[in-house]
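In what follows, structures are represented as structure tokens.
Both complexes below contain chain A, partnered by chain B and then by chain C.
Moving on to the complex of A and B:
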């Protein structure tokens, strides 16, 4: 059973937030555990940076890291894209409550943080990430925490994002076809019902694949 | 309703079918199986032994055929009666049964658990029976067999519908089950991908139980069961069983 696989007419792009991008850069080859630890430390450090110069430097460093990983502007945009709805609100609020400089520093910091997290997920296979998280949490197993289950939940959460996004797209298409674009209920009900159904089916598939046996 | 040429589903008739266990495959035995879900009797007294290499199950929507398929690996347990796979009761030894019986669902999106193609196949091998390099080799080998090797690190959601179903099948086959149960695996596929999946199901060495609305898929099968209203109403070679099923549908208003 071989043959050239067909291309896919799909909504999602390979630069979706959090999706692994194949590569052989230094960052790709670095082990997942230290990368996660570095991400945590850098994020904490970034929270202490309040000057425009500091945030500017952080932006340059992260841009450099993307270049080092061989990831172009499209991949970087893919990571921070989910912020586009939310960031203008944060920016406007900060400007109103404080001043323009603070608003700019805070917003940039947020973008840099998300880009940095995206860089880790872009250069690390989910299985490696989960193995690192499992190792990191393993001391908790001694006090009865089911670490494997936590890792699986994280994997399922990542896996479910494109599935639910696809479902939302289909529901929106169906709504449009019936001329009900503005009806929130007509969007929410099928989406929730569909998600529940998907979750049920996933649970059944997990059992069929021997989870919990 | 039962045709004279049909095998009877009574216990005595079913025993005629019992043969020595095949090298690959299971001896599946259902004995007076009833399944009640809520207020509805989904299956009503099914007694049947399944030993042939290729078995098809057909029936209208709501006839109980998917429930019958789910009984075979213990996803659904009988309300009354017993289901045994190689002598293992699905009620008591569900885990062992599921190691023998792989299951393919109609919607591969519900079956693919991990974010990328290779990771999903590797997930099936996670039980610690293989070290990392051996697991990676097995995954690469199985993906290549099904033409998915170029997609190993791709997100599973970017595959086409046909590729997703091939991935779901690969993730089942990599564990080397003895029996593969497929519940309408081609429902969401176009004709070309339906043929690919059907060809794959036809050529694997495993015993296969295929539930499908696509009657053409069962042409070369050894045996076809027709389910209606929770009972096996016909049990024969494909041609007579499918002819019976068509007549049954024609008689309905």
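Moving on to the complex of A and C:
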């Protein structure tokens, strides 16, 4: 129980850092933009694959890519772990509605899709991905969108996640001290007001630095 | 009593006050999106002030934090409820349609960049081809609809925000989420819709919480409201003096 208040900042840090695994493989060195584009194309192509042979090949290819990136089973499991609650339900439903083979193929495909995206997550720094997104948005500058400003908002949001998580931890501790930990409103109102104050102070600071000029 | 006097006002005032100088916030708010053809209003809508940028970024982060496990121990963690969709409703209600939708887009960009910020620790580009892709689009559309409804009013009240949250945060989300989930998983629409019924009580509860929290936040911090009427007391509203 005594450890509870300190867990929030730690968790927030790990969230903000993403799941990047340091490495020097070919996949690590590949630029973020093409990696994202390739991922999107592969994911869409995979959604069309419904045969056991096709999904089997995809599984082998993705496993090979994890090996190429020097990622062990632990990193791979870290990426597909969020599916562990969802997948058994989907598998059971598909078995019931269709047949065992389709259920196995479709469930495997889902795991492969998530693992493939996780590969990009593990081999690319969040800052590189955000920069790639910014570059991807740059054509919008022609229709009057301020891409630099969007990039700043993204960076501010990224920075705000641990700050707000920390605030949430403090608010929760305060509510716990007052014995009102089950009162959602007593948690959310101070959290949102605190976030709003934080935002407005940030806005003032930006304006003082000539952001609106 | 004071409120009923105030709501009568717009009906009487436009007769002698020119529309452009009417102090009522929603009236001056409304024409902006419709007259998107005119150059000035279109560019000003695309332009983000420092205050807008900061609030958008903060609400993106808030939505992420609300989705983290343990950010709220509802019934002692027995129910794995996260409040992520509460972030959608709050962003719409407190930032308005335009900025609320941008806050959700910012949140989704962070998710796409690989941060495990979606409830259940999901993240990365895979979620945009996964079964819940419709709900993710619904984050943006839902926040926009909540904001559009809320902006029609002059003040935020519990019931108004509740209606906006149910329409934007639930109906719009389901309307996008259920068909796309059926498409991705290959289940019949009927099955997915029936399966989604189990989220209904939790989502209703979140709409109630969103309404109650919004009203509480605006009371504690009036400039939080997207409605100018709430944010600062009207200076030249005749009805204010007889009410006081």
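Note that the second predicted complex is superposed on the first by the 125 of 213 C-alpha atoms of A that agree within 3 Å, B and C clash if a C-alpha of one lies under 4 Å from a C-alpha of the other, contacts with A are read in each partner's own complex, and residues count from 1 in each chain.
The rule is simple: a residue touches a chain if its C-beta (ideal position, glycine included) is under 8 Å from a C-beta of that chain, and two chains touch if they have at least 3 such contacts.
Quantities reported herein were computed from a predicted structural model and do not represent experimental measurements.
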item	value
Partner chain in contact with A:164 - chain B first, chain C second, else both or neither	second
Partner chain(s) touched by A:54 [first = chain B, second = chain C, both, neither]	neither
Which superposed partner A:81 touches (first chain B, second chain C, both, neither)	second
First, second, both or neither for A:202, with chain B first and chain C second	both
Most chain A residues touched (candidates chain B, chain C)	C
First (chain B), second (chain C), both or neither touched by A:156	both
Contacts of A:22 with chain B and chain C, given as first, second, both or neither	first
Touching partner for A:33 - first (chain B), second (chain C), both, neither	neither
Contacts of A:136 with chain B and chain C, given as first, second, both or neither	neither
Doubly contacted chain A residues - partners chain C and chain B	7-8, 12, 16, 19-20, 126, 152, 156, 158-159, 163, 198, 202, 204, 206-207
Chain C - residues contacting chain A, complex	42-43, 46-62, 64-65, 68, 70-76, 83, 86, 90, 94, 102, 106-107, 109-110, 112-117, 120-127, 129-131, 184-188, 191, 209, 212-213, 216-217, 220-221, 223-224
Residue ranges of chain A in contact with chain C within the complex	7-8, 11-12, 15-16, 18-20, 36, 39-40, 43-44, 47, 79, 81-82, 85-86, 90, 93-94, 97-98, 106, 110, 113-114, 116-118, 120-121, 124, 126, 129-130, 133, 144-146, 149, 152-154, 156-161, 163-165, 168, 172, 181-182, 184-185, 187-189, 191-193, 195-200, 202-204, 206-207, 211-212
Chain B residues touching chain A - in the complex, by the definition given at the top	73, 75, 94-96, 98-99, 102-103, 105, 107, 109-116, 119, 122-124, 127, 145-148, 150-151, 153-160, 162-163, 166, 171-172, 175, 196, 199-200, 203
Complex interface listing, chain A residues touching chain B	1-10, 12, 14, 16, 19-20, 22, 125-127, 152, 155-156, 158-159, 162-163, 166, 198, 201-202, 204-210, 213
